[in-house]
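Below, chain A partners chain B and then partners chain C, in two separate complexes.
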Partner chain A sequence: MPKVIYVSANGAAREVEVPVGMTVMAAALKSGVDGILAECGGVCMCSTCHVYVDEKFFGKLPPAKDTEEAVLDIAAEERQPTSRLSCQIKVTEDLDGLIVRLPEKQR
Partner chain B sequence: MIDYVDKIPNNVDLGRDRVLQRALEHWQPAYLNWWYDMGPNESHAYDVYLRTAITVEPDGWAQFGYVKMPEYRWGVFLQPRDAERKVNFGAHKGQPAWQEVPGEYRSTLRRIIVTQGDTEPASVEQQRMLGLCCPSMYDLRNIFQVNVEEGRHLWAMVYLLHRYFGRDGREEAEALLDRRSGDADNPRILGAFNEPTPDWLAFFMFTFFTDRDGKYQLCALAESGFDPLARTCRFMLTEEAHHMFVGETGVSRIVQRTCEVMKENKIDDPADVRAMGVIDLQTLQRYLNFHFSVTIDLFGSDASSNAANYFTNGLKGRFEETKLNDDHLLAEADYPVWEVSGDKIVEKRVPALTALNERLRDDYIREVEGGVGRWNRIIEKAGIPFRFKLPHKGFHRAIGNFAGHFISPEGVVVSEEQWKQHAREWMPSAADYAYVQSLMVGRVVEPGKFANWIAPPTRGINNQPLNFEYVRFN
Partner chain C sequence: MPAGTVIVGTGQAGFQTAASLRAEGYLEPITLIGEEPHIPYQRPPLSKGFLMGKQDTESIELRPGAFYHDHQINLIAGRRIAAIECAERRVRLAAGGRLPYDALVLAVGARNRTLSIPGADLDGVLYLRSLEESIVIKERLAEAKEIVVIGGGFIGLELAAAARSLGKAVTVIEALPRLMPRVVAPVISDFFRELHTSRGVNVLCGCAVSEISGADGRVREVRLSDGAVFPADLVLVGIGVLPNVELAQGARLPIANGIVVDDHLRTADERIYAIGDCADHPNPFAGARVRLESVQNAADQAQCAAAAIAGRSECYSALPWFWTDQFEIKLQMAGLSGGYDNAVMRGDPGSQKISVFYFKDDRLIAIDSINRPADHMFGRKIIASRVRVTPEQVADESVDLKALARQSPSPRGS
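And now, the complex of A and B:
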């Protein structure tokens, strides 16, 4: 099963095994990873599951759609070039070892 | 007879609940009459590109398509039940969450649900004329989306009243359709929901500030030991997120446009800015002051025995109750509130149980500060030396310790005379409202076009282009 590594704003890393097809957000909620809130329930409406994707993996992700781009604009921590909403990242075998860094705040 | 499965998407097995069916057969036509009377003006024949919730799953619930609003499928959804869920705070902490209303809390719970439910149709009523002066087809679609979802939230509360409160609940559900925002004889329950929403700036401020109050109230109720209420509110929160998005980005786009005009024309005097047909930053600040202060009143008195009882009885928790690291009883804890003493504002420690309104208000203010900071980033990037500031929480308050006092935006106690001298700087004046209203002449509905006073959004809805035909007027 692919692993996703969540790195909190203070640098603490947490490795989680995630079934293929599950989103990075859903896996975080299921595993009790702090720092991902997902207030809209994962439908790309709120930006409280904002993550910074490690550059090594960013290019492997399908590009963000317009709705995700729009919602990223209201993220609590200013978006960066590798910003994504974790509700829009579905885990694949190819993403094994994916590193996502969590912003200091989500709201 | 209503075809429940087809017309009312739900996950509460509505098709098999005969009692609920009979109640809704009576209420649903009354609701539609209310929508025709008090829903968005002259909109009933429009085909609007709306999302409809048809399941609670992230992949399924946001279904987009053209809908005539009176035919919108207002559904009844609760978050899936967690059979292991407990009451997580108060005197009943550790007991299994209640699936039926505890008899001793029946009237209190009904009042909580009615108060929440009353805000939903109220905001539709407040906003019903704004379609006539919309700044774009994109914005028109968004206000309609907000309106139908507030309507669905009313359905959600009415479901609880019908399902769990018998005859009393049915009567309360009917009364929700009888009250009217701003009506002198039969007003909505809470003050802010009787204020007019006269223009689109007020609408965006309302959805940023006041819908966010709704979020915090829903979050507190989503912690309730009464499980159906908790699960209902949890799902409502998913929709509330979009409303706040509309508010925050709406104000952002106005700020963006104003900054563009100021930069292009090298102007900063508000009169010069207005002469260019955009909204000056000072007027935006005054609108902010008004909407923030009216909204934080909604949290209630700083010290409240009602709030303490709601918590102790397991009916309404704190924001993110289960993530808080304390005993969830609060019997020994205290919390700071502020009060006016002479010409000073002083801190006073009170039992945390009685200060739960204040605590929720403080949680809310922290989040609002983030949004205001994002508006300021737009101004900063434009190189304009102006920043929005949230007024002191004692400013322009009608409820709680600050009511009856005159507090400046900076948090200085002033006399009534000083307040009157500065009111024009601090609060929107009749002239401000008239100016903003003057921008709202007619509606801009050519796909892809936007009124002069607001910048286009960066992207469309549901990955559609900005010039998409979001509303067909037929």
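And now, the complex of A and C:
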């Protein structure tokens, strides 16, 4: 099973095995990773699942759609070049080892 | 030992209060108690992805069961609170027993308004609010062929879209002259009428249902007051909700269009808060008291009440926003459009990408967007920060909303 590594704002890393097809957001909630709130449930209406994707992996992700692009602009912590919504990242074998950094605040 | 906080209601508002209290560093006991037999789950998918089989019971859980244990939240599902004993600062469970509190949060939600016409109690007349009801609708949809949806609001139209997508013959009956009449401008109503019609949904507006008839106790047809008859083996009703005020009423707390709270979401008893679908609250974006039924309102009011209980009291001032998904179209709504005196469009209706900007007394109060997510998100910033924009500016596609959203707000009261 592919692994995703969540790095909290204070630097603590947590490695989680994620079934292919599950989103990075859903896997965080399921495994008790703090720092992802997912208030809207993963429909691109809030920005509370914002993550910074490690540069090595950012290029492997399918590009963000318009709805996600718009939401990233209102994120509580400022958008950076590798910002994504974790509800829109579906885990694949190719993403094994994916590193996402969590912002200090989500709302 | 402190009694801590008791939260009544395990919906989105109740869940979020408990989670936010812990995030605020609150260390006292938290009890989250409600009638529903499940751990807290998301309601929005119940009329959408859950019916379509895209989500299941597990995937709609707000958090897995371990979350409550890990955060020392005492979750008690399937238990009804019979009464609040304010003077003793405790609640009494219907099944017996009492829970003391220092702070009590009523996140008791709402229940469906029901039809009161002949035949309304026939088997096959269904409502949607809870997971159980969604499970039943999903099962019945599998066998049903002809479905009549009563009510052309969000829930009715989402159910209609789901049923039609599953290949059923669907008729929607709305009493008022257009769809979603209380919340969107006519141009948006027209867009969704065209969307549903183009997918084969039979949409009837301005029609009153007079009777549901059946055979062997099961629904067979729906009759309108003009005599028209529609065969139906399933009738789905979405005609609004009533706030659950009885518990508060029993404690002699003031009730109006819900449980009355102040701008800190406190009831007349300063230890008791009411939040979410049940709370009649002063909303700065309405300029009036309102009761809102939405995920945003539930989550933000929960956060506000949790902060107050944790000693960081602030006025509730979050911008309302909403969404509905029907077929592949998402309607995004920011602000409250009630009482608007001017509505202007941005985008070309033929392009399926439009926003409607609502003004009242020359102030932008709300935006509805279809396939224009940037309008919605920058619109939220503009409305929330009270940046002054004109109808001419927002109707002009060459005007950059992102730049407008960055402007400093106009002085208060101007």
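We take it that the second predicted complex is superposed on the first by the 107 of 107 C-alpha atoms of A that agree within 3 Å, B and C clash if a C-alpha of one lies under 4 Å from a C-alpha of the other, contacts with A are read in each partner's own complex, and residues count from 1 in each chain.
Everything that follows uses one rule, which is that a contact is a pair of C-beta atoms (placed from the backbone, for glycine too) under 8 Å apart; a residue touches a chain by one contact, two chains touch by 3 or more.
These numbers come from a predicted model, not from an experiment.
**Q** When the two structures are superposed on chain A, do chain B and chain C clash or fit side by side?
**A** clash
**Q** Now for A:107: first (chain B), second (chain C), both, or neither, which partner does it touch?
**A** After superposing on A, A:107 lies in contact with both chain B and chain C.
**Q** Quick check on the superposed pair: does A:24 touch chain B, chain C, both, or neither? Answer first, second, both or neither.
**A** Once the two structures are laid over each other on A, A:24 reaches no partner at all.
**Q** Determine, under the contact definition given at the top, whether A:45 touches first (chain B), second (chain C), both, or neither.
**A** Both chain B and chain C are touched by A:45.
**Q** Scan A:91 for contacts with chain B and chain C and give back first, second, both or neither.
**A** Neither partner.
**Q** Go through the superposed model and pick first if A:78 touches only chain B, second if only chain C, both, or neither.
**A** In the superposed model, A:78 contacts chain B only, not chain C.
**Q** First (chain B), second (chain C), both or neither: which does A:70 touch?
**A** Both partners, chain B and chain C.
**Q** Can you give me the overlap between the chain B contact set and the chain C contact set on chain A?
**A** 26, 39-41, 43, 45-46, 66-67, 69-71, 73-74, 107
**Q** Give the list of chain B residues in touch with chain A in this complex.
**A** Touching chain A from chain B are residues 56, 58, 61-62, 215, 235, 237-238, 241-242, 244-245, 248-249, 252, 367, 370-371, 374, 377, 457-464.
**Q** Inside the complex, what are the residues of chain A that reach chain C?
**A** Answer in residue numbers: 26, 29-30, 32, 39-41, 43-46, 66-67, 69-71, 73-74, 107.
**Q** Going by the contact rule set out above, which residues of chain A touch chain B in the complex?
**A** Residue positions touching the partner: 23, 26, 39-43, 45-46, 65-67, 69-71, 73-74, 76, 78, 87, 105, 107.
**Q** Show me the residue ranges of chain C that touch chain A in the complex, using the header's touch definition.
**A** 16, 42, 44-45, 59-60, 62-64, 66-67, 70, 295-296, 299, 303, 321, 323, 325, 330, 332, 371, 373-374, 376-378, 380-381, 402
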